[in-house]
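In the two complexes that follow, chain A is the common piece, with chain B as its partner first and chain C second.
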Partner chain A sequence: MMQFMLLFSRQGKLRLQKWYVAHPDKLKKKITRELITTVLARKPKMCSFLEWKDVKVVYKRYASLYFCCAMEQEDNELLTLELIHRYVELLDKYFGSVCELDIIFNFEKAYFILDELVLGGELQETSKKNVLKAIAAQDLLQEVSSQDNELV
Partner chain B sequence: MPAVRGDGMRGLAVFISDIRNCKSKEAEIKRINKELANIRSKFKGDKTLDGYQKKKYVCKLLFIFLLGHDIDFGHMEAVNLLSSNKYSEKQIGYLFISVLVNTNSDLIKLIIQSIKNDLQSRNPIHVNLALQCIANIGSKDMAEAFGTEIPKLLVSGDTMDVVKQSAALCLLRLFRKCPEIIPGGEWTSRIIHLLNDPHMGVVTAATSLIDALVKKNPEEYKGCVTLAVARLSRIVTASYTDLQDYTYYFVPAPWLSVKLLRLLQNYTPPSEEPGVRGRLSECLETIFNKAQEPPKSKKVQHSNAKNAVLFEAISLIIHNDSEPNLLVRACNQLGQFLSNRETNLRYLALESMCHLATSEFSHEAVKKHQEVVILSMKMEKDVSVRQQAVDLLYAMCDKTNAEEIVQEMLAYLETADYSIREEMVLKVAILSEKYATDFTWYVDVILNLIRIAGDYVSEEVWYRVIQIVINRDEVQGYAAKTVFEALQAPTCHENMVKVGGYILGEFGNLIAGDTRSSPQVQFELLHSKYHLCSAATRALLLSTYIKLVNLFPEIKNRVQEVFRADSNLRSADVELQQRASEYLQLSIVASSDVLATVLEEMPAFPERESSILAVLKKKKPGRIPDDVKESKSPQPSITPAPVINNSINSNNSSADLLGLSTPPGTNATTGNGLLDVLGDLYSTPKKSPTTVQQNNIKKFLFKNNGVLFENDLIQIGVKSEFRQNLGRIGLFYGNKTQSAIQNVHPELHWTDLHKLNVQMKPMEPVLEAGAQIQQMLTAECIEDFADAPSMSVSFLYNNVPQKISMKLPLTLNKFFEPTEMNGESFFARWKNLGGEQQRAQKIFKAQGAIDIPATRTKLAGFGMQLLDGIDPNPDNFVCAGIVHTRVQQVGCLMRLEPNKQAQMFRLTVRSSKETVSQEICNLLADQF
Partner chain C sequence: MAYPMYEVDWSVLPPEQNRRFNPAFNIATIKQVVNEAIERVRMQTPTRLRDLIRQIRAARTAAEERSVVNKECAYIRSTFREEDSVWRCRNIAKLLYIHMLGYPAHFGQLECLKLIASTRFTDKRVGYLGAMLLLDERQDVHLLITNCLKNDLNSNTQFVVGLALCTLGAIASPEMARDLASEVERLIKSPNAYIKKKAALCAFRIIRRVPDLMEMFLPATRSLLTEKNHGVLITGVTLITEMCENSPDTLNHFKKIVPNLVRILKNLILAGYSPEHDVSGVSDPFLQVKILRLLRILGKNDAEASEAMNDILAQVATNTETSKNVGNTILYETVLSIMDIKSESSLRVLAVNILGRFLLNNDKNIRYVALNTLLRTVHVDTSAVQRHRTTILECLKDPDVSIRRRAMELSFALINSQNIRAMMKELLSFLERSDAEFKAHCSSAMVLAAERHAPSSRWHLDTLFQVLLKAGNYLRDDTVSNTIQIVSSAPSERQAYAAMRLWTSLERSATAADATERQPLIQVAAWTIGEYGDMLVSEASNSISMVDDDGVDDFTRPSEEYVIDIYQKLLWSTQLSITTKEYLLLSLAKLSTRFTTQPSQDKIRVIIDTFGSHIHIELQQRGVELSQLYKQYAHLRPALLERMPAMETNVVREDNDEELATNTQTHEQPAHEQDALLDLIIGSEPLSNGDVEHQPQVTTNNNSNTNDILDLLSGLDLSSSTPVSVSNNNVSTAPSLLLDGLFSPAAATPQETVVKALDRGGVSVQLVVCGGDGSATLTMKASSHHHNTITDFLFQAAVPRTFRLDMMSPSGTVLTPQGEITQVLKITNPSKTPLRLRIRVSYTIDGNPILEQAEVNSFPPDLFN
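And now, the complex of A and B:
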């Protein structure tokens, strides 16, 4: 099970955080700070996995952004790496060659997409098509409702 | 400012841009505070906000929160959004709640009401939004509110696939919070059958749920094995076009495959159904075959997905540990990965091989890769990979390669990363002790360790080398010579001074014949280090000095001079001051005889397992392979240890001047005087490597401590003490495995309830890996009894229920009080107790040749007083004792007459109570 996912920039700025375990805010901040420092200190050729505290951290850098997942001991490292990749693919498809700015300005969308892919820390849907279909259906509902909004 | 997708909120985009344009942290904070004030006033203002505005402000608050600021308002507005009839507002409301509401919020009732409404919606998108929110928060309240609703959604035929997927994972989340929400009965089979669902997404989600359910209740969900194997088989034989969008870079459904393989790791191989087992083996073979095929794509995603499945298959093979050819094949495959150019693969291959090394089937195959692994340890650029290599070397080590591996590890230690040094030191220390055939080699290795990485050599390590040297005569001279040489280095580590000081204090005489290491030279050499050392080391050296005085009277004056020095006799450190003054006095007043007695060579330490292993395990729970191959090396061998608290024992100063003896297995969870039982516990099994599967209750007739039960998972030791008609029995449950043993539940049964009262204290239900816990029992003998209580212990290991049962060593003779008496009164009483109702007699064959001393020892442990010189025949044994019960005390006499020619014994017991005579006679019969 995934415990949390963090997206952060090369400068160490947190761009997205999703927690699947209940921690107090203070602890979340501490973990985030320490993990970002640890990952940023690693060199490019290093292994993408690290044993960190009692979790297994799997991370990958895409352009200026680091995607970092904390998994439990029994989880499969390589597939977590591909889970990250699938998420990046989804963002890319949705935003059309995604960049860090898209995620900053549309953070809520990044959350909605993640919620379709992973739920409660477990993978929900691996099909790219199905996830995009679900997001498109949401967007359609939004557009209907925002048109209502304009009419008011 | 980039385009905003969907229905953009302009105000939000402007705000985000503003923040990004801030030149400094202060400016950013200022801008945020301004915005917070603005939002607060809007929320508090008289003007009612419309949905759009609420949404916008809530979204801004979210963004501010994500920047790392605390948000303490807006929750109510977000909850209002939940009931909006506009989807975009509802969605933002849910997002805010998911990210920012903690589970004990007082708003939770309102939230639950909104979720209830949305769950009823006919629009699956609304239903999913509600389910996602439940899964995100997953509180107990939610489990209570939706515990009946969601299982229905999951298995209902009317539910759409997308909703089923969310429902499965939502249920999983709630189940983790409150396991009782899963209905049993017919639901079980309906949930299991989700594995057959035609929609791959549903199966993927459901497999996670089933995995968790299986962990909780493996028996009930056993049916999933067949279905999982069938599903897996269909996937691995599918071509990559069959599964359409569930194929990931030419690999069919890698996520589902991995989940299924993981699910199967909850069970032992499906042996009852050979068909299923065969099919699973075919799947695993297919996965291996595919790994050998040329890649269908050069993309790393392809190879990652393919290898992810392969690694999971290997995990399953290791878990099952039953198919030698698959294990060896796994090993060969991993061997190829060791030289792959992907760091990730090398890392995983090393990790996985570490598990293979602990299987007897693949241990040898792993050893073939030793050279590559040593290279990895030395050459890898990434420390985490080097660490894996070290772990693997440790796991693959046995007596055939120990010297080489230890040598390589020592060599690498000189340049090793600081982060892994301490652990490496422990590993080297363990391996060199465990596989030493020649203890001079062991001594060399440890001294090298101190020389190379002295800062990382913990107390346990140097304590241990001293214990071993003291216990082994053959190595003492060599050790003295070697430490003497090591101390000649101009700079040497303080730990070396400690070891050197101790060893020369004990065995300096063995090298004193050589003029180069004459007593004076030894003393001056040690003393030259004195001023550079910490107080603790100085204290140790002072003890060494007084020991040297005993060994070499000729240096007494010089040593006294040192004791008298102001820096010692008037040291600010009270311990040093005390030692200096006491040792000085001792050297002045004591005659050489007294000195020799007081400062006699240390007695051998009780042979017990190394505490170093326990330290290592504590550092890396679950990562130290427990097994490792039965040691053929001479004792002391290391057996899997309970977690041991290592602290310097401060209360043993009476016996041990230097406070050196490591406390015997000090129990981690408790700590009381009974604990020395470990000494017995861990030395007994050495004699019988096959372990004491079932206890032989009879052997406890003659002793109170020992191993009561042992199998591969658990060891139960006992230590008991009795006084009058009362007894205290300590049971020690030791977990021998690498994972926790759960739901430990001991139960007692006995028939003579009114004759014997036994109370069991409650104990922790969880036995962590490698740990030991203690349980106390009290017993009261009310009346004489014949039936020893039985105990059954049930527990869960790897979620598989286990049950063991044994007899408690609680027999009537435990309540004996030995009685001294002379021949006259013995025979007077003997005659008095001659009635039919008072006697019991048995004649039985000896178990082997009649061994008089062994028989004496046994009788001495039985509880009666052995009376010598009473019986006219010196070969006969007579004993007397009183059985204490609550209602009465029963005097009891016994006579045992061996007949060496016939190899027979005649046993006669007389007491004032018939049942006592009979029971004592029954207990003792056939025991000699």
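And now, the complex of A and C:
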């Protein structure tokens, strides 16, 4: 099971955080800070896995953005890389060649997509098409329900 | 009185709260009203999320960013106060962004709930997002959200149900899980795949939080595997996996689904290209991996189930395309399954070969998982893994810390008596250049391996010294005492060799001024030179070969005075720890009876005398005590500082450095001399670990316990014919420690009582109690009647406040069927009231965590007297 997922930039700025375990805010911040520093300190040629405290951190860099998942010991690390890649593909399809700015300005959309892919730390849908269909349908529902209230 | 007529009305309030008379209050009120009015006018056009993000990103300094955020937060707070429902959604979205930047946003929690309660989908979507980000399960608002969730789980819109399930899955607390489990169970049976898969994962989370709730989900779960939809299949497999790991009964219940799983997997492999689930030519790797993992759990220790999955595993292992990461993902999972179940031997060969290929792969990630998997399988099939030894040792030099760590652990698993020399050489050089985080673990593992497989005692000593040298201060405490023990029990020629070898290191550290980084080495060196210093400086040392493996002999025999100069240098150093200095000081005192020349004797005396005024109380006391041995009690000195007899190594148990029971020689002296000695020794503080056998100290007979022990021991004919004394400064605890070491389970002695503390669920816990004079020592002994091994055993105890409880580290956490775990508890009770003890025992058996509690009151009433 995934314990949490973090997206952060090369400068160490947090772009997205999704927690599937209950921690107090203070601890979350501490973990985030420490993990970002540790991952950023690793050289590009090193492997994508990091045994960190009691979790196994799997991370991958896409352009300027690091995608970083904390998994439990018995999870398949290579599969986690595929999961990260799947999420990136979905973001890419949704935004159309996604870049860091898309995720900054539409962070809520990035969360919505993640929530259609992963639930409670486990993968819920293996078809890209189904995820995008669900997101599109909800976006439509949102427009219908709130024409007078554009969110952003 | 300016306003007498108001006095009666307001007299119920204290004057400072009587705001009516405060003119300033009125002005403040007016100001506040005006400000709020201005705010309200501004509120007409709340900043858009996009604009806020722009503003924040435009800030050039942290202070500027903070001011933008603070302003916006103040504004958002005011809209919340206003109960502005039109813009609430936008304001929460902004707050979530601010929260991500690390600013506090808890004041938005209730507003999220209001959004969730709204009927508009936009509000709900953002509200649930906020709830997932801002609430965690500690919050009181959970009661409120449980109601919202209950409503939405019954909604007609599938996406509203979906949002509620997603939120429940992310933040379910045990209470929420209990309250909403039945709703989730109903939704698993929904015909809608979109809801079904989410409900299945919610059930998975609920069971994680509250395992008791599993039962109710069982009927709905089995049918999940008959679905076509991959989302439902994968979530179903995840749920079943969790259930199987949860209880052995459920595991048996699901054994019958093995054929279904095999069929699903077969279909995935054989079915042609399906664009929807294809990843680089592999059909739904996510689902394949989940199924493989469940098969592994079902096939473990079950020949029949294993038989049923042999073929499909072979098929997956041979047919999977390996040019891409995704293929290797599946192979990795397959290998794990093959190794875990009772698979055919040909299949195991295939799996090990796959790992061999992985080890040579260019991709670091693949190499990492190969090492990881080899580590997990090394206990099953060591010889297969041995074949890859050179590759594994090569990985010790990898620049990547993750790979190095795996390689190190694997190397230790591969050590045996045949390859120990070569392996240790590699590991020593690894230890030398490794990061601080590795050193502690690596050095203790090396000490253990050396102890287990040492080909010769000289090699063993050499290796230990190398470890001491290279691990520096990262060495665990017990290594020092273990090494000293090995030296002490070695033949005399070896002891001289040890003294010479350690002298070289000591001298080098002292002159290079890096002794502070190698304190354990200095401690062992000080002890050894103190004991065997006469051999170091004598002619006899010439006959001992000091040529090392590289053919170098770097030993030059020092003069007595030079040895003392080095000691002085170290003792004068400000950076060495007190413990190290204690070792050095006692060692120096010992040298006074080993060395013969007058100038060296004088030097020793001068150094010892200076410690009589040392700033640290413990060192000062030793200084004063030892100088007494030059004055009033000079005649005692040679006998007191005699060489230690060999320590018994077999009484020392691993991981239990507290109980270093030693067996030292008593100097047969008249009783009145012992009384005199008492003044020197009694009252010195308890020493830290490993210090106890520093000096043969004789405890005398004013303490009845000790006396009894002495009688008891001298009555028993121990292997050595010499009488025995207690070399422990902590007199009150000495009896049980000694006994503990000498007699294994429980010795029947007058002072000891065995109290049965717990006997439940096949695990019994006994307390061997022994006490007196305001303190007691309890030895906890846990044993098991189960056929299976118990892991994660943890014993906890609590005493009333007037007592003081010190718990030593346990002998282990794994309880084998015939095994035993012991743990020493020391209780101090100055008031001598009867002892009450509450204990809690937790452990895992067959994957189930068990917790037992009990209160123990049946201690002897006169325990502390």
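Operating definition for what follows: the second predicted complex is superposed on the first by the 147 of 152 C-alpha atoms of A that agree within 3 Å, B and C clash if a C-alpha of one lies under 4 Å from a C-alpha of the other, contacts with A are read in each partner's own complex, and residues count from 1 in each chain.
FYI, a contact is a pair of C-beta atoms (placed from the backbone, for glycine too) under 8 Å apart; a residue touches a chain by one contact, two chains touch by 3 or more.
Keep in mind the model is a prediction, meaning the values are calculated, not measured.
Determine, under the contact definition given at the top, whether A:Q11 touches first (chain B), second (chain C), both, or neither.
A:Q11: touches no partner chain.
Return first, second, both or neither, reflecting whether A:D102 touches chain B, chain C, both chains, or no partner chain.
Touch partner of A:D102: chain B, not chain C.
Let me test your reading of the model: by the given contact rule, A:G120 touches which partner, first (chain B), second (chain C), both or neither?
both
In the overlay, answer first, second, both or neither for which of chain B and chain C A:H23 touches.
second
Looking at chain A, which of its residues have contacts with both chain B and chain C?
Correct list for chain A: 1, 14-17, 22, 25, 29, 43, 45-51, 74, 76-79, 81-83, 86, 104-105, 107-108, 111-112, 115, 119-130, 134, 137-138, 141-142, 144-146, 149, 152.
Which residues of chain A touch chain B in the complex?
Against chain B, chain A makes touches at 1, 14-17, 22, 25, 29, 43, 45-51, 73-74, 76-79, 81-83, 85-86, 94-95, 99, 101-102, 104-109, 111-112, 115, 119-130, 134, 137-139, 141-146, 148-149, 152.
Mind listing the chain C positions that touch chain A in their complex?
On the chain C side, the touching residues are 48-50, 53, 57, 86, 89-90, 93, 96-97, 100-102, 104, 106, 120-123, 125-126, 129, 132-133, 136-138, 157, 159, 162, 165-166, 169-173, 194, 197-198, 201-202, 204-205, 208, 230-231, 234-235, 238, 276-277, 279, 284-287, 289, 293, 325-326, 328-329, 332-333, 364-369, 372, 399-403, 405.
For chain B, which residues are in contact with chain A within the complex?
So the residues of chain B touching chain A come out as 1-2, 4-7, 13, 16, 20, 50-52, 59, 62-63, 66-68, 70, 85-89, 91-92, 95, 99, 102-103, 123, 125, 128, 131-132, 135-136, 138, 162, 165-166, 169-170, 172-173, 200-201, 204-205, 208, 244-246, 248, 253-256, 258-259, 262, 301, 304-305, 307-308, 311-312, 343-344, 346-348, 381-382, 384-385, 622.
Across the complex, what residues on chain A touch chain C?
Checking each residue of chain A against chain C gives 1, 14-20, 22-25, 29, 42-43, 45-51, 74, 76-79, 81-83, 86, 104-105, 107-108, 111-112, 115, 119-130, 134, 137-138, 141-142, 144-146, 149, 151-152.
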